[in-house]
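Accompanying notes for the structure given below.
Chain nomenclature is as follows: A, B, C, D and E, assigned in order of appearance, with residue numbering initiated at 1 for each chain independently.
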Amino acid sequence: MVKNGAIVIDKVQKIFAGQDQQAAQIEAVHQVSAQIKPGDFVAIIGPSGCGKSTLLRMLAGLDQPTSGTIAVDEQNVTGPSRERGLVFQDSTLYPWLNVEQNVSFGLKLAKQLSKRKDEVQEFIDLVGLKGFEKVYPNQLSGGMQQRVALARALINYPKVLLFDEPFGALDAFTRMRLHDQLIKIWQKHKITMVMVTHDVEEAVYLADHIFAMTPRPAILKDIVDVDLPHPRDRNGEEFIALKEKVLRILNFTGEEGNLNENK
Amino acid sequence: MVKNGAIVIDKVQKIFAGQDQQAAQIEAVHQVSAQIKPGDFVAIIGPSGCGKSTLLRMLAGLDQPTSGTIAVDEQNVTGPSRERGLVFQDSTLYPWLNVEQNVSFGLKLAKQLSKRKDEVQEFIDLVGLKGFEKVYPNQLSGGMQQRVALARALINYPKVLLFDEPFGALDAFTRMRLHDQLIKIWQKHKITMVMVTHDVEEAVYLADHIFAMTPRPAILKDIVDVDLPHPRDRNGEEFIALKEKVLRILNFTGEEGNLNENK
Amino acid sequence: MLTGRFRGFVYKSYFIGGAFLLVSLYNLATLKFALFNPLYFPAPEAILNVLVSDWQFLLMCLLYSLRLLGIGLLFGISAGLLTGILIGWYTSWNYWLDPIVKLFGPIPSTALIPIVLSAFATSFQASAFLIALSTWFPITILTNSGIRNVKQDLFEVADTMGATDTQKILRVAVPAATPDIFVGIFNGICSSFITLVTAEMIGVKYGIGWYINWQRQIMGYANVYAGLIIIAVTFSLIITIFFKFRDHFLRWQKGVIKW
Amino acid sequence: MLTGRFRGFVYKSYFIGGAFLLVSLYNLATLKFALFNPLYFPAPEAILNVLVSDWQFLLMCLLYSLRLLGIGLLFGISAGLLTGILIGWYTSWNYWLDPIVKLFGPIPSTALIPIVLSAFATSFQASAFLIALSTWFPITILTNSGIRNVKQDLFEVADTMGATDTQKILRVAVPAATPDIFVGIFNGICSSFITLVTAEMIGVKYGIGWYINWQRQIMGYANVYAGLIIIAVTFSLIITIFFKFRDHFLRWQKGVIKW
Amino acid sequence: KNKKDQDAKAAQKKDDNYVLRLADPSGVCGAPQQIAAEKGFFKKAGLKYKTVKLSPDTNGLEATTSNKVDASNSLLGSVVQPLSNGAQIKITTGLHTGCISILTGKNSQIKSAKDLVGKKIGVAQVAGSEATFAKRYLSDHGVNVSDKHSQVEFTQYSGSELPLALEKGQVDAIAIEDPDVQIAQQKYGFNALANSAKTKPFNTEYCCVAYVSEKLAKDHPAVARKYTQAMQEATRWVAKHREETAQIQIDKKYAPGEKSINVQALDFYNWKASYNGAQKAFKQVGNSLQKAGVISKDVDIDSLARNSFLNVETQQ
């Protein structure tokens, strides 16, 4: 199987109609252009409500750009597809399916389950959940749930894997452990990864390229390349310098207006 | 009003009966003794499932120790009381009450609402939620919800304020902002604060004393005193040194077994 | 505003057209081709004629029914809430009442007519009781489960603010259980409608169920249909109003029953 | 194991004692002091006597009722699920069907007896239809709302795995809506019980509702009570089994209706 | 000619195999059908038949028009108004006089029809025979009983609960059928205000009639004839064997009560089956209901009477 996953984002703009006819339109993403090479790990970082999720949803094909195009391997994205997996912030596991059934969901849809039965266990092991095959989501911790979601997306061998703040709700310990697991999986499967995150340290620890966005409407302000080898040292000098660079670009002062936080 | 809030924990032990009669008993907390001076800020940190929440619930009076005693201002704790406020990890706001009604809930119970009506607005302003008085919890972000919970606990002027991982579910930006807000409130109200957390940086940034616990059953392994003035510099040398000291005590290697994470 | 209304009309026009088409087909089938037995399926004109000429009498019947329904629902809802709270909150009440609810609740109130008739002083009371009873059971079950499913945290928060038991029931348990309670009331209303028609078979003066029953005896089927149309419109309206009220009451909640 | 059972017995003993006390009081009131009219409130012995001597006939009536109920529920639940899915998922079905459901659903099926009697070939079919109809409405409403309240994410995840529309309905929408669907079925079962007694007034051969009705006509009140006891036990059992099944089916869910 | 013969043969065969569905008979007045079955008059007439259990709420009339049964018998008073509304049945014979009374409480002050103005009468069906009898009786005595301006309120209870309703004072009078009349009188000491077997002009008027569905009358007239004749024969038998009839009714659970009481009721009735008598009674009932404002003025009672009957004697 030839793996690719080159993404070309070309002058993408997204305008939402207001809630009712009186309300003003909202421009969430404004003229973003970028190219992502196959197998790259890109982090998208920016203030709350700036339009990161919107951009990611357009990459997944769940929303359509108002203007501009997105192409994956020279094919325009017109709708969702098995080629582009997505892991959401909140757990979107199917609560009525146990771990094994959740992971094999994509295979079942594609009628490949009988053929690829063994792989289900492989992917469960890969995300370190051996022994939890028969457990339902409501008995899993948040971190375990996100790992199941990861396995569920990976088993379809997507060319591109998209993450919308997948570790936002996890505690620091669990998060660090998952970072390392994710890097191992990425190195093994060579998938193009695009992750939206709020956490600058997470971005610097994981990504090759960090896309820093402006407040709404999202414009691609700057791209920070991270040229450190894995595993990275969170307390290393270069690491801390890169973190501060990203923070400076985002112009984060620690005193953002509170009212902006309304969701 | 004389503020106090001295806590004496004396050989406290907590054993849970198993789920059914066959199951073994679980010792969650083993012989913990400690003293907390009025107005101190204590962080309790330890591995997942070690018994931190159990200890905190006993301080609140929601659970009773199997043996040993807890006293606040020389009065034994036998049940919950207005003197000891509690902020949970997940939002425990009443979803059918708006921000204002949630904050004034304690006053309503004590039939003091008519007398102290103005204070409701004061406390809403204190946690930076002016303008959101009439909004229901499901329209608030996680950070805003935790601030409402904080205001709801503070308005009863408790001697002791207990927090069980209050910022666990928040993103890094929001968390940092709330840290600073919390410190300001603590300095203003001089309440004894006890916060359970997973996040070493959070503990070092906030607390005077950090209680490091062992894995289950929780034993108080060591107390780290943080003698830095507020506001603290997260990238300062001393700060990082203290972080590493705490991590060393907790013996955190980043390679904990996955199975331990089951909740 | 006007354009909005116009759009609404255009949106509905297919449906209105479809409804007209259906009535015409029915008309043809009954009047022209006598496909159905015209005794049981009278022409739409005949039904309309009843509605127009008999409207005062029908309105009076409707008001009688609404009074009976209203009183029955009032008592049924109150009793259901009370029982539900008692068995949902108090262990000792649960011990005594729960088996009784489980055993007697599912008995269809229509089967109890012989007993209630002798137990009550007037047959209006008996009818109202039947309606109340059919409403009471689902409300009890759903109030009980609503209260038992309230997250423990919510009570503990109240505890740390010094709440009494009564305060925890009235300020925490009941409001938290309202979504379930409304489902129970919806269920109860459905049951009360079914019971009403039967309850109006015993000693009521007038009523829309009584009217249908009477006309059925004398085979006045155009009148039966007129009565059914009134029942359909009224009951649909009652449920609509109920859900509007619920939506307002539960505006803090997402994911409620859609109507 | 044994001690567990013994404990259970001790736990229930007060209740059993209480029940005995009540029966004795009733006995005294009717037999010894004739406080109530003994025609309408027969002695417990008389009722027990009916149960013992007439058990075969009663059992047959019960089986007839269960058959009618079973067939009615089967069709009602199937139709309710189908309509609920159609109006919950497809915009165009919703457009045409939703107003019809809202208008016709609340009509109590007991009011439709005159029409269904003539519309169906046999009165068994008519009775089964009445039961199905009363079950159909709440199930439709709750299936519809269950499906509409499914979190959009769950469908989007399926989309990114290439799910077809049918797969999204059967593998996402319906399973996600099951908690609501079960509430609807509970509601439907309650309605079917109420309707059964009325449905058995139209030309059934035997049935427990028919039995009560018949004995009521000939003033055999001991028999009426015996019938009621059988109804109470059976219907309570049906609901208990239903909830057991539900608990197994929804073992992944927290906070379901408590029974 | 040959073909006509064949057709007739085929029809004959069809009729021979036809299983007549009869409404389950109950009550003292249901004697003819009960006896026709018990004493084999149906069999003698060469009829195959079965009975269909109907609860009282589905009266035989509704079951007959909706083709759930082919024939039934009931009180004349309850079929006139449905026939005026288009009920699809044909009356084939009158069976007997009797069998309804209006009862008042033991110590009731109600002594005449006029005393009932503003009062409540309990009936099993607001448009049933008992109510019809009460309305005619009241109307004859100058009380307005038209549906919407009635000076008397008719309320409905299940038959067995009517005595209870009167005893508890929920109604001021009840109109019921035999033998409930005799049972209630004996048990509660109720007084009879009027009795259709005794009170003029009802005492000479046919009360109970047999009818068949229009479909049966059209498709199987021979079956309708056999049914009618068997019913008439049974009626003649009852006239001669009242004691035995009462005994059979009790033994076979056709009627509640005690033999001695039920015989009293049976004794009052004139058991003489007649087609013409029934038609005459039909016109009387129709006219008096029209006068009372229960049946619309637009209805032509004479032509209604013509269209509502099937004369099995003259049909061939």
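As a convention for this text, a contact is a pair of C-beta atoms (placed from the backbone, for glycine too) under 8 Å apart; a residue touches a chain by one contact, two chains touch by 3 or more.
Computed from a predicted structure; not experimentally measured.
Contact with chain C and chain D alike is made by E.
Number of steps on the shortest path from chain B to chain E, with steps defined by chain touch: 2.
Of all chain pairs, the one joined by the greatest number of contacting C-beta pairs is C-D. Averaged Cα coordinates give chain A a centre that lies 48 Å from the centre of chain D. Taking each chain's centre as the average of its CA atoms, chain D and chain E sit 38 Å apart.
Rounded to a whole number, the gap between the C-alpha centres of chain A and chain B is 32 angstrom. Residue numbers of chain D whose C-beta contacts span two or more other chains: 40, 114, 118, 216, 254.
Counting only residues that touch two or more partner chains, chain E has 57, 62, 65-66, 158, 160-161, 164.
Per the contact rule defined earlier, chains pair up in contact as A-B, A-D, B-C, C-D, C-E, D-E. Across the interface of their complex, chain D is touched by residues 14-15, 18, 37, 40, 95-96, 99, 102-115, 118, 134, 137-138, 141-142, 144-145, 148-149, 180, 183, 186-187, 190-191, 193-198, 209, 212, 216, 221, 224, 227-228, 231-233, 235-236, 238-240, 254-259 of chain C. Within the complex formed with chain C, the chain E residues making contact are 57, 59, 61-62, 65-66, 78, 81-82, 85-88, 122, 125-128, 148, 153, 155-158, 160-161, 164-165, 168, 170-171.
Interface residues of chain B, counted against chain A in their complex, comprise 47-48, 128-129, 131-132, 139-141, 143-144, 165, 168-169, 171-174, 176-177, 180, 198-201, 235, 240, 252, 254-256, 258-259, 261-263. Touching chain D in their complex are the following residues of chain E: 26, 52-58, 62-63, 65-66, 68, 158-161, 164, 253, 256. On the side of chain A, the complex with chain D involves touching residues 60-62, 79-82, 84-86, 88, 90, 92, 94-98, 105-106, 108-110, 136-138, 152-153, 156.
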